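Below are structures written as structure tokens.
Each of the two complexes below includes chain A, the first together with chain B, the second together with chain C.
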Partner chain A sequence: MARALSCRPYLAAFAARFRVMLQYRAAAWAGFTTQCWWGGLKVMVYAAFYHHTTQVGGPMTLAQTITYTWLAQALFTLQPWSGDPDVAAGVRTGAIGYDRLRPIDTYHWWFVRAAAWMTARALPRAALMALAAAVVLPLLHLDAWAWRMPADAAHAALFLLSLVWMIVLSVAFTMLLNLCIVATLTDRGINTLAPALVILFTGNLLPLGLLPDWLQPAMLAQPFAGMLDIPMRIYIGTLDLTGAWIGIGLQVFWSLVLIALGRAGLRRVMARLEMQGG
Partner chain B sequence: MPQIVVEGLHKTYRIAERQPGLRNLLRRRWREVRALQDVNFQLEAGELLGFIGPNGAGKSTTIKILSGILRPSGGRVEIEGRVPFDNRIAHVARIGAVFGQRSQLWWDLSVGDGFDLLRDIYRVEPQAYRRARDELVAMLRLERVLAQPVRQLSLGQRMRAEIAAALLHAPPILFLDEPTIGLDAPSKLAVREFVQKLNRERGVTVLLTTHDMHDIEALAQRVIVIGHGRVLADQPFDALRANVLAERRLRVQFAGAAPVIAIAGAQLRSREGNAVELAFDPREINTPTLIARIAADYEVDDIHVTQPAIEEVIARFYDLHGAAEA
Partner chain C sequence: MNALYLLSRYFISSVRGQLLYPGVNLLLGLGAFLTSIIELVGIWALFQRFGNVQGWRYGDICLFFGMVSISFALADFLSRGFDVFGSEFVRTGDFDRLLLRPRSAALQLIGYDFRLKVLGRLLQGLLVLGVATHSLGLIWHPATVGLALWTIAGGVALFFGLMVLQATLAFWTVESLEIVNVVTYGGVQAAQFPLSLYAHWFRNFLIFVVPIACIAYFPVLAILHKSDPTGMPDWFLPLAPAVGFVFLAVSLAVWRFGVRKYTSTGT
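Up next, the complex of A and B:
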């Protein structure tokens, strides 16, 4: 009972933000359209590469790469591209003061709000993308370009687990971006820097599996892999079940590290918080 | 044991100074701003304290420290035996606060949904919540705006909603930082009336900052004047009024051209055509005596006595103590 009670503020905040974000239908359609164009473009580039390669037996088949691409587009907003705009606005308007006025843990509070912000935007985009790439494309007899089913049931189940940890890890990284915003009082700097890291090291630009073999261990071990590449590899089946568990373990490990960093950082930032002007 | 104890409170900010040209790139220069220097006061439960002072005097900083948002650079603050910044979560559950220039309700939610969210944040029991909400909605006349998104409210409606939002968890202590800023006359009256009722009937301790001296006049029994981060005066409002607001003005309309008047204790402020305005201190020469002496010597058409506007007096008080904003 006491525990359920203590979760109440965070569940309420998650639900409220989730509902508000779902209202932005035009943004969802716009995002979906952009991601369709990007996905289509990338799929065609990959197809051209694969059809003209002389190398046999690469790390990923064309079908796997295409599925990876569509899925990555569908989950675009689950990646930490920027700090939470609410936190940036709070820094400008001073609403952060009100966040500190609540009898709740500020880290948890921002964490659930960022989680709601990211998942609520992902939901319509992922549904539309699945409809377009996994249903409409095959109906148009474009099976070769379509988003395929997961490798098998075991991989599908592990993918879902890994997806949950991808969200946790992405939000934990978003929290570090939020801290930078509060510490530097602007979201410009960090929101310019973060996408460069995310696009390269999560596999968003190029699946990490397509990078040279000697880079693979380092690529999988770094924290960003868990923010896209690990669940993607599990879905398409390029990680065997043991590999999948190791990948999820890495996601859990990095989540805990980033959360610990975020909590320590938040304590420091709040201790020297200053609010000027009225 | 007082409910709020503030002893030797200090707060120092560091502000980056911009230098012309490119020198900033190499080395940034910092300037220390002493927002509060040795602030002391105590507040008993159920008191209503007004905090006044020019812009930048340290009023808001004090409230933010008392709220547990900012950590003081030095000194001791204890509220109900707790140190606000160190016991933040336990402390903020017992206070309500409104910062007039910022909004605590979510922009995108309706007022009612915003209240519900606060119910969950403060973990208020459903029945207690419904009672508190219905009462606040009725007292602050919010029935018609409950379903409206916060971004569509007028300033007066928003401020009333903000005050209700700060009280849903029935805190025994309320901090109001410029709650009437920008409001029209009826809204100001509504807010004042409500705060007074809350303090008198429920015994809620209220600490209020404002630039509107009518707020202070209507509400505060006790006033702290703060300037340059120091307490300049801490006294009952009536005492402050007696000391600082003692001056009276006498405006006399003569039948003919205004004469030159020399009466001890009365200073000439202006003489135009048939009218003269004198300033006097009733402790030196009382009003009937002054009027009688003028009426005895000259033919008078009309006389009226006024008090200088309270704003004017406070401005003079700030000047006197060198507290006016730099």
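Up next, the complex of A and C:
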């Protein structure tokens, strides 16, 4: 089989799911509203802490923290909050039997479908959030609370590269969640536990840079940092260019590790997969 | 009396059903506990980094957070039927069956499900209260305990009222509106921090539109024996939870209006 041919079903699967997920407009608006509320709350709390602090010269300025907060809310669905609902439904109904019958690699198949599921939901939310926080807020003379531009052109370019690896890494982690769902036959257990890890260690709860200084090396090295904090630090410019390349290197490293784990795990789980009923 | 008996039957059958799957429910409870306790890490890190803010200490924030968590957990425990009302009752037409039975629909919806996983958040709230007590050296006199219970009761009433309003909206939208989660889960988030940190318009929203400040911020100030820096008179602080009951009464009135207007989606 020619190599060019083998890529097509994956591209088609990605495009199909991407278009389907874009249709959920009400969900996009609901998500946007929620993220405005959460972002606005955080911004007000950070502003209060920064204005009353007795310590000077922290790791991030208030403007950087605020930009980090809006951007993190905009990219909310690019983070691995749960397994793919289609995989969970497939496990319940037995439809993953069909996935096994397709003449394609199941890991790749689920990977591109999860990537489409996450990116398609992020697109409208990020656009709305950018409009609200980067355009509307300054128009309302709330410049102090606005989402700022990236630090400079070089950081902007590296941010885009890091964003791509954030997606790869997040999808690779979503695949591990999918694996748990297939192994335990339910999505309820892992979907309740995973968010606790993700919210804390990716920096969604609080930028990792604001955690105590003695935790910093460990926080940057762990795999979840690449799922939000590293691209955010590059965008706001708290990582210099060398630091940015190291950050991206960490993202690539963890992506490869998680993908290898996922592939090995899926092979083992699928080997003992039992289909019931007919 | 009959209503209470019925509720206890609902309660027993719901809990029995869940205990058939102890592992899953333990895991769900653990998840609820972890996702809510993790907020404390964020608050702790902020105080580590910046120190006290406007004179508020770490323990003060824990007291706000613990109280509102307990209120929300209890309300969540009682209101599952209202939470899923749109998708499980209106869209399916199952609400017709509830109306045919000779008991009030509200009673049957309370009895719909008592989810044990909610205990995870309750445990988190109690734990955070413990942290606050330890950190502030609080002494719980009978009067303080009474005030705390009154605050929690008002909070349960308010969050329950919000769920009832969410369910009422479903009469017109025929769906469960998750947007209401913004003021329930988001309200718990907002109530963690003192009102004085927020912008003026947002304070007014939390006092007059969705009065979460009245069941968290104001009464907790009374527990702390503090005056309100935003200028609410001292005598109002311990009375504020009553607003939660007013909110519930208004919600139930709107609910009854919705039930009268209800037309089935048919089969």
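Here is the rule we use: the second predicted complex is superposed on the first by the 277 of 278 C-alpha atoms of A that agree within 3 Å, B and C clash if a C-alpha of one lies under 4 Å from a C-alpha of the other, contacts with A are read in each partner's own complex, and residues count from 1 in each chain.
Heads up, the rule we're going with is that a residue touches a chain if its C-beta (ideal position, glycine included) is under 8 Å from a C-beta of that chain, and two chains touch if they have at least 3 such contacts.
Here the structure is a predicted model, which means the values were calculated and not measured.
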item: Which superposed partner A:Gly97 touches (first chain B, second chain C, both, neither); value: first
item: Partner chain in contact with A:Thr186 - chain B first, chain C second, else both or neither; value: second
item: Which of chain B and chain C A:Thr242 touches, first, second, both or neither; value: neither
item: A:Pro9 touches, of chain B and chain C: first, second, both or neither?; value: first
item: Footprint overlap on chain A, where chain B in one structure and chain C in the other make contact; value: none
item: Contact set on chain A toward chain B in their complex; value: 5, 8-9, 11-13, 16, 20, 23, 93-95, 97-98, 100-105, 271-276, 278
item: Residues of chain B touching chain A in the complex; value: 13, 60, 64, 67-71, 88-90, 92-93, 95, 97, 99-104, 106, 108-109, 113, 116-117, 120-123, 177-178
item: Complex contacts: residues of chain C adjacent to chain A; value: 24, 27-28, 30-32, 34-35, 38-39, 41-42, 45-46, 48-54, 117, 178-179, 181-182, 186, 189-190, 193, 197-199, 202
item: Residue ranges of chain A in contact with chain C within the complex; value: 30, 33-34, 37-38, 40-41, 44-45, 48-50, 52-55, 58, 186, 188-189, 192-193, 195-196, 199-200, 205-206, 210-212
